[in-house]
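So that you can tell them apart, the chains are marked A, B and C in the order they are listed, and the count of residues begins at 1 in each.
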Amino acid sequence: MGRFNLEHVYESQQFDLELLDIIFNVADEMKKDLSAGQRHYSQALKDKIMASLFYEPSTRTRFSFESAMARLGGSILTTENAKEFSSAAKGETLYDSTRVMCGYADLIVMRHNEPGSAKRASEASSVPVINAGDGSGQHPTQALLDLYTIKDCFPTVDGLSIAMVGDLKYGRTVRSLSYLLTKYDNITIYFVSPSVCRMDDDLKDYLTTNNVEWQEEGSLEKVLPLVDCVYMTRIQKERFNDLEDYQRASGKYILGLDQVKLMKEKSIIMHPLPRVDEISREVDEDPRAKYFEQAENGIYIRMALLFLLLGND
Amino acid sequence: MGRFNLEHVYESQQFDLELLDIIFNVADEMKKDLSAGQRHYSQALKDKIMASLFYEPSTRTRFSFESAMARLGGSILTTENAKEFSSAAKGETLYDSTRVMCGYADLIVMRHNEPGSAKRASEASSVPVINAGDGSGQHPTQALLDLYTIKDCFPTVDGLSIAMVGDLKYGRTVRSLSYLLTKYDNITIYFVSPSVCRMDDDLKDYLTTNNVEWQEEGSLEKVLPLVDCVYMTRIQKERFNDLEDYQRASGKYILGLDQVKLMKEKSIIMHPLPRVDEISREVDEDPRAKYFEQAENGIYIRMALLFLLLGND
Amino acid sequence: MGRFNLEHVYESQQFDLELLDIIFNVADEMKKDLSAGQRHYSQALKDKIMASLFYEPSTRTRFSFESAMARLGGSILTTENAKEFSSAAKGETLYDSTRVMCGYADLIVMRHNEPGSAKRASEASSVPVINAGDGSGQHPTQALLDLYTIKDCFPTVDGLSIAMVGDLKYGRTVRSLSYLLTKYDNITIYFVSPSVCRMDDDLKDYLTTNNVEWQEEGSLEKVLPLVDCVYMTRIQKERFNDLEDYQRASGKYILGLDQVKLMKEKSIIMHPLPRVDEISREVDEDPRAKYFEQAENGIYIRMALLFLLLGND
């Protein structure tokens, strides 16, 4: 095993192929361990404390980290909504909050509404900081679990074609995943979205520079037969000025049984969740539907990161 | 010991006498264990995770479950108010939330505002779900601890007379307890309430069908000398259109020292708490007052359920 | 070691020199233990449960207590905002809430908006209650950690001169610390504040009666060269009727690099945090700045209290 040399996790660009391999190998080990009768890692972080510092609520992500920590025997300090920390009335800086927190915990998981906040916190912290989503910025552990799910379903990531569907402009998960995909060879990405929420140019330029082929496509049906993976995301009503525009647009990007029939037999369907109606409930029974497995993979990835950042001494 | 064959706990009707005996025996064992110097069960659920998924806050009930889990050595993921899960903005279904959660925890305790939600969640879940109150629906663990308290105070439940006082229309605890009482012989229930919050007919019919004698009575004083147990509940102002009506009604259903004097020497006073002024503070010192013991019994009952659902392998 | 005979911790006046010594000695031991490879106290409270009952949010104080409990191996029940407990709608008394809670936990940490509430709760409780701040009342564990920090920086507390700066009328930390300082000899306190938030007469009288010299001073610069410790606090805008008055006043009580130059070489700078702009960020690098250490000392003091109240049998 190579060396895991990260101190903090704040953005997808921190990872190279070697680091990804280390994390995915440990995640595999964690997955195996959880299904074992006699677990090896159940007390691996027994004397460690993780603080969940959530400036905005996200039960799903918070529980995923806290479950990972509990599975490793560690303790948890938790906030559902640390808003009074950032309140105008008290007005403490993120720097001060972080410096205090790192005296209370061995690792900080931070969700914040401002892009870049996790990185700023990591600069003030004497303990590892993991970004659990910073506004429209990044959500690197989501990208890792997404990639881990893809890796798990195919012999190799090299050569895969992936459709990213829905809100590509504001959805930070597709952005974070795209960064990671540049580490692999011969990737093709199809961006499928209404015109109001197209992927931004900076990312498309980044892909081009890094030898990832991409193209934009308005029709979901046209793309489905071509790809190995469909990554669906939710289109938010708030992006549209006009309700009718929204209904027309979102109606075009729904994956029902008829659409799934167009897909390759060995392809997979992903979604970062929560879904509203982008994927019909009947699709859940199709073996290609991997979104609940994908959510579960979050546990293994986060166990791996916690272990690598804290337990590896 | 018989076989505990429940996978989930969502309503009182799931329990028959045999199951009740199993649960109460384990609760007795847990109670004894907690007062022992060298505890047997302090690590019984060491590698298990319980998720408290509270869509509306209830510190009392949540802490009771979490204390039970901690007393068995298990880990806890907790939400005080998971409202963003059910928010209109995100709009995820209970089905999806549950399917994700059951990848994070070994058991889910759910409080929800919609009747029937716990049962629906249990259908989506691969891990046990316990209903911790679903709106005007049920609160089965409260009924279990109520019955356990009664059983603890009398040689047998058969033959007891019980007055249920206060808001019988909207109070889910009296309803859930009534279902359980049908499992015993020669029970008599007196429903004592203002006319606007009388017990509904469906439950009275159910009692009749199941050989429980019941009668309605407007006067608390008349009933007090007759019963072995007075189960008080709070009358909520919101049920009345007219404030004066409310004050007249609620004033009639207060248990003070004068009322307690009318009760049998061996009778008991119960209340699911919180109380406002239905029971005067002076009554707390009377040996018949059992409501704080009743709250404490919640720990033993919930330890028993957690152990039976999780640890019994 | 003397005998620790407190059952609850609700106000600074409970402590005499002997108790302070016991607590500080155990805090020292905890500090040493936390930096040891093989910890002695990591499971000291393994089978104990602490309930954090916060009627108003305070992430910093809550995490400090919870971290202390986790470092001793204990379990935690937590509320970020137990407002529904005290809600008008439900209207339960603090007496009832406490009686129920002490059936769920082995120790209660309570934050409440009403002065005197922690003491009232302790009277209803069969388990130890620690006051984590009761409105404009007291915050005794903050006073302990403040004094512990001072003690740590000087050979003896006797003979020290301390400036308390900022909002002395509403700031409960300066008040609680002042009570503790009366236990030592030859203390001098300088109260430095705008006229609208001067220290109240009752405390000044208390100091006089207890042989602590004090004087009031409007100018921070004048006091800085004289003292061993500057205890800064935040001046709240809300105290002023006029915004200009506020800006003029608060501007006079800011500690920047120029002010720090006036201080003795061996003096220290403290702040209960959060700060807004009372201390410039550049001051953080000065070796005299002790406020982040002070926050960290909260862990050792709270570990000591939890251990003494719970583990010492």
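The working rule: contacts are C-beta pairs under 8 Å (C-beta built on N, C-alpha and C of every residue); 3 or more make two chains touch, one makes a residue touch a chain.
All values reported here derive from a predicted model rather than from experimental measurement.
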Angular offset of chain A relative to chain C [C-alpha, multiple of 5 degrees]: 120
Shared interface numbering between chain C and chain B [over half = same, under half = different]: different
Chain centre separation in whole Å, for chain C relative to chain B (CA means): 40
Multi-partner residues of chain B (each touching 2 or more other chains): 78, 80
Touch list for chain C against partner chain B, complex: 46-47, 49, 51, 53, 75, 77-82, 84-85, 90-92, 95-97, 99-101, 103-105
For the chain A and chain B complex, residues of the former touching the latter: 39, 42, 57-60, 63-64, 66-67, 70-71, 76, 78, 80, 273-276, 281, 292, 295-296, 299
